[in-house]
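One chain, subunit A, links the two complexes that follow: it is found with subunit B in the first and with subunit C in the second.
After this line comes the complex of A and B, so read on.
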């Protein structure tokens, strides 16, 4: 078993490009997606034909009283020119008691901007109306109701939910990719005859399988380990203090991934076909399982049901619980058990199919 | 030593091997001769315990190899038709790994690797990766790996396919030495009849999954004792000429060969005049006509009506 295990590491040492590129891609994706999403704002070009410059500035100050939008004062001629040149897709025109948009192209963000603008207008116009009714009184808005919220978990780590989601999603996605692509070597070995050559040696077939699978398992765990260390040390992501929970989750996820690899190789034994199938399977699983966006955004029940048959869904769930809410192993037993169950099922079916072909 | 009894293998309705019987004695070298698709590789896969037969059995020193594969595996060496090596590793690393799978280690392993590399003539290239080797060198290492544990029984499945004449003659020389000097039993399959003629004591001719003839080379050639093989040397290949020859009642078989045409006739038949006359009619310029000593290729032609490499 160990000779097979060591051989696979030696082969990897000779051709490490695949694994290194997946580690690099994980880091780059987390860096760029995680680094921009946290502070993302939407800039809206704003102008007015009716308002004076000071009135426009006052409106813009009120509109900018939030974190997500940045309203910038401009003039009609500049904005029309920018719209014609497709430099911006829409702009906001402010008036005394109404507003409107100049739209060059449909934009995904208009609805969100509109909600904000509408709220500011309603508030401001209401105050103005009240002021006209009671001219001798000063009118101001007060918050009479204050809501304090507290999480069920009493010790929330420093990591924000968005960052934890990106880190866990991207890391698990690329680890799945590495494991499945690496395991394609088994299909290649069967094609080139080295697998048969091994079978007729005195080594037991179970030792050959265990040696191979242990290699891909340790490769997946190592890749995730390297990524997490880099995120922690260089990108300042915080993983809480439940390292055991994180380790158990990672191991359960990689076990399920290796088992999934066995199933795929048993179903499709041509390396050429596998090269096409593996990216489709891993990306589809990542999309369904919520590696690219939080599943809270998905409203379709069918897609949510599909998510629950992917290992990535349970991997992300357990990792986020461990990283954000310091969940202990016992707290995340449900997703870990699902990963182990998937692993056992995939492995059982895969091995059966693979051995039945002879 | 090795007995194959009434072996059958079916794949989804196709019969690849249909009732094969053969035996191989200690220190003997036998050839399995047949065209592509004859069932040679399937037979070898079953002997190697890689495939389970549909029916029949294979016994090694009296033990059923499917019930107890551990009896044959430690003493079996298989040189597969494909280059079954890890191309990203060096020759040395490949040999070391496969040596370890047979329990070799330490100094014994190192000595064995050096000895085998010397035998196949690749000592000075041992640190190069397999993917940088030429086709002939890959074939030699492919064989070397199978010799690491000094197998009692060596099965070679077309080990010289697609290589240069120099590597080919080197491989044949090594096989002959292993058989004669070390007493290794060899089962050699090929569709190159000259290799089988050179290396093997006995020959099994296989076609469509069946053994259609077997015996020593002399015994097989004696099948043609009542026939002559005539080689007609000609540049042009004319189908009309073949048709005309086939229509001649005294000619048993005709086949195109590189030099021209090969014709099998009853012994002593004088066909020279007929051949020249037909060639004249078909405007085929004949350079020469020779009566040849029969080869195994002629035996195969006689038995199947086809060339080995058809």
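After this line comes the complex of A and C, so read on.
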């Protein structure tokens, strides 16, 4: 078994480019997708046809009082160009007594932006009205009632849920992708005949399988491990303290992925077909499981049910619990056991099919 | 060369499964997209009304009594007190909040339940029966009045209890409450400054935040965006499939046999280009038509729209053909299929990400969008999006030219790399 295991590593050493590029890509992607969304300030291009430049700047200063949004003054021509080239999806147009949004493309952010803008706009206009009608009074804005908000979940880390969701989702997506692509090697081996040669050797078939699968398993865990270490050290992304929980989750997820790989390869054994099927399967699972967009947006019950049979759904859930809510291994037993169950199921069916079609 | 193309099609029709997967499986993703995102309309999310429990522990009468006692204790004359009590009733926030929460405008977003007590509501929160609990505590009105008339720090808190702060429903409810409290505090501060005299308002909030569409078409919906994104991403796989198959042909000596017949090698390359172009066109056609029939992605569009769509798709197929030729040339020259693997495994995802197929890239920075517009799929996606937004063909010609240039570039490179000798 160990000889097969080592054999795979030797193979990898000869052609490391593929795997290395995957690892690099994962890091780059999650860096861009996750890092920028972690402390996200939404930039809104703002322009006006009616206001003068100084009036516009005054408005921008007022709007920039918060810390989630950044409003930038611009002009209609630049903004229209940017909209056309899809560089921005919407822009804010301010006028004397109303404002509107110039929109090229749906954006999830407009609602949040609007809440802020509406508040600032209304306040400023009202105060202006008051100043007009009672010019000798001054106003001091006080809070006469406040809102005290609590939640059931007590977040420990300083990263918000959105960021953690994206980081775990994307990392797991790319890890699944990498593992599945790596396992394509098995299909290639079957084609080129090395598989059959291994079978003839005194090695037990189970050793061959275990050696191979162990290799892909370690590769997957290594990849996620490297990524998380880089996020933690270089990107200041805080994962909380529950390293054990994270490790266990990652291992369970890679186990399920490797098993899924076995199943797919058992069903489809041509490397060319696999090249098309693997991206589709991993992207589909990632979409269903909630790695691309938060599942709360989905209202279709069928899809929500489907989400519960994707490994990525449980992977994200367990990782988030570990990272944000300090879940110990005992707390995340449910998603982990689902992952293990799925792994065993996929592996069983996959091995069976693979042996039968001999 | 027509024979080569005929050969390709015969091969495909014998081994349908491979290409069937390529052509049809993106539909799986689009279907998922359709069901997941199709209901998201512009800006707002089409969710079920959020069940919110409202608990009012406040007793206005009691609070007014308490307030009256305080005023009397301060030694304020009886008549002034009466006036203040009347005013107090008018500015009571609880009544305003109730009106807001029960208003018909909010009835789509919130399903207000007022028959819980505090314990029952918290219980309901843990079981998903309600997703937010709004509590107006005892003496709330009193504290507000106290803060207003005696100019003290307020102790009036509206309690909001949610499952998770970042949950979308929670942010919506928080948003409603924040909006209410901001407006209330503002009006009360104004009232304080004007000593109770009303400030006339001519502000009409109807015009706040209306959406104007940038161009003559409708804005691009999330669903359209992802459909296009997935379509251009999976078209890239056609290129790697074609080159991978070419490599297979080299491995099983079909290529050698073809060269022995005296067929010109570049004709072989050209046939690969044509196969790739045709495959991509078929794939895109199936995707767009099926998606429109099933999910109304592009309904309400003119013939002109479809003509432009066809033109953009054709240009895109050309660049895919170029990519296929490029990779085929490399695979056959270096006798190694790693390039197809690397492309389909790695480069496609990079291109897809930069081009915006996986998520709207301009969120991150306009610079990334620039980079994306340098990839074939990114440039095409921008062209498609411009088309949907209603620009006419002159506006997205730059993108089309760019992609045509890429196609020419790839084909030239392919011709240069493709081995001309020692082919057998």
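Observations on the model:
Simple rule for what comes next: the second predicted complex is superposed on the first by the 239 of 358 C-alpha atoms of A that agree within 3 Å, B and C clash if a C-alpha of one lies under 4 Å from a C-alpha of the other, contacts with A are read in each partner's own complex, and residues count from 1 in each chain.
Going forward, a contact is a pair of C-beta atoms (placed from the backbone, for glycine too) under 8 Å apart; a residue touches a chain by one contact, two chains touch by 3 or more.
These numbers come from a predicted model, not from an experiment.
By the document's definition of touching, neither partner reaches A:77: not subunit B, not subunit C. Contact with both subunit B and subunit C is seen for A:15 once the two complexes are overlaid on the shared chain.
In the superposed model, A:196 lies in contact with subunit B only, and not with subunit C.
In the superposition on chain A, A:85 makes contact with subunit C only, not with subunit B. Set side by side, subunit B and subunit C differ in how many residues of subunit A they touch, and the one touching more is C.
By the touch criterion defined above, A:302 reaches subunit C but does not reach subunit B.
Common to the subunit B and subunit C contact sets on subunit A are residues 15. On the subunit B side of its complex with subunit A, the touching residues are 45, 48-52, 70, 73-74, 76, 78, 80-86, 88-89, 93, 97-98, 100-103, 129, 145.
Across the complex, subunit A meets subunit C through its residues 15, 17-18, 21-22, 25, 29, 32-33, 36-37, 80, 82-89, 93, 97-108, 110-112, 114-115, 117-119, 121-123, 125-127, 129-130, 133-134, 137-153, 155, 160-162, 174, 177, 181, 184, 270-273, 275-277, 279-280, 283-284, 287-288, 292-294, 296-300, 302-303. Within the complex formed with subunit A, the subunit C residues making contact are 17-18, 21-22, 25-26, 28-29, 32-33, 35-37, 39-40, 42-48, 93, 125-126, 140, 143-144, 147-148, 154, 156-171, 174-175, 177-179, 181-190, 192-195, 197, 199-205, 207-215, 219-222, 225, 234, 237, 240-241, 244-245, 248, 338, 340-342, 344-346, 348-350, 353, 356, 358-360, 362-366, 368-370, 373, 381-382, 385-386, 389, 391, 395. Those residues of subunit A whose C-beta lies close enough to touch subunit B in the complex are 3, 7, 10-11, 14-15, 192-194, 196-203, 358.
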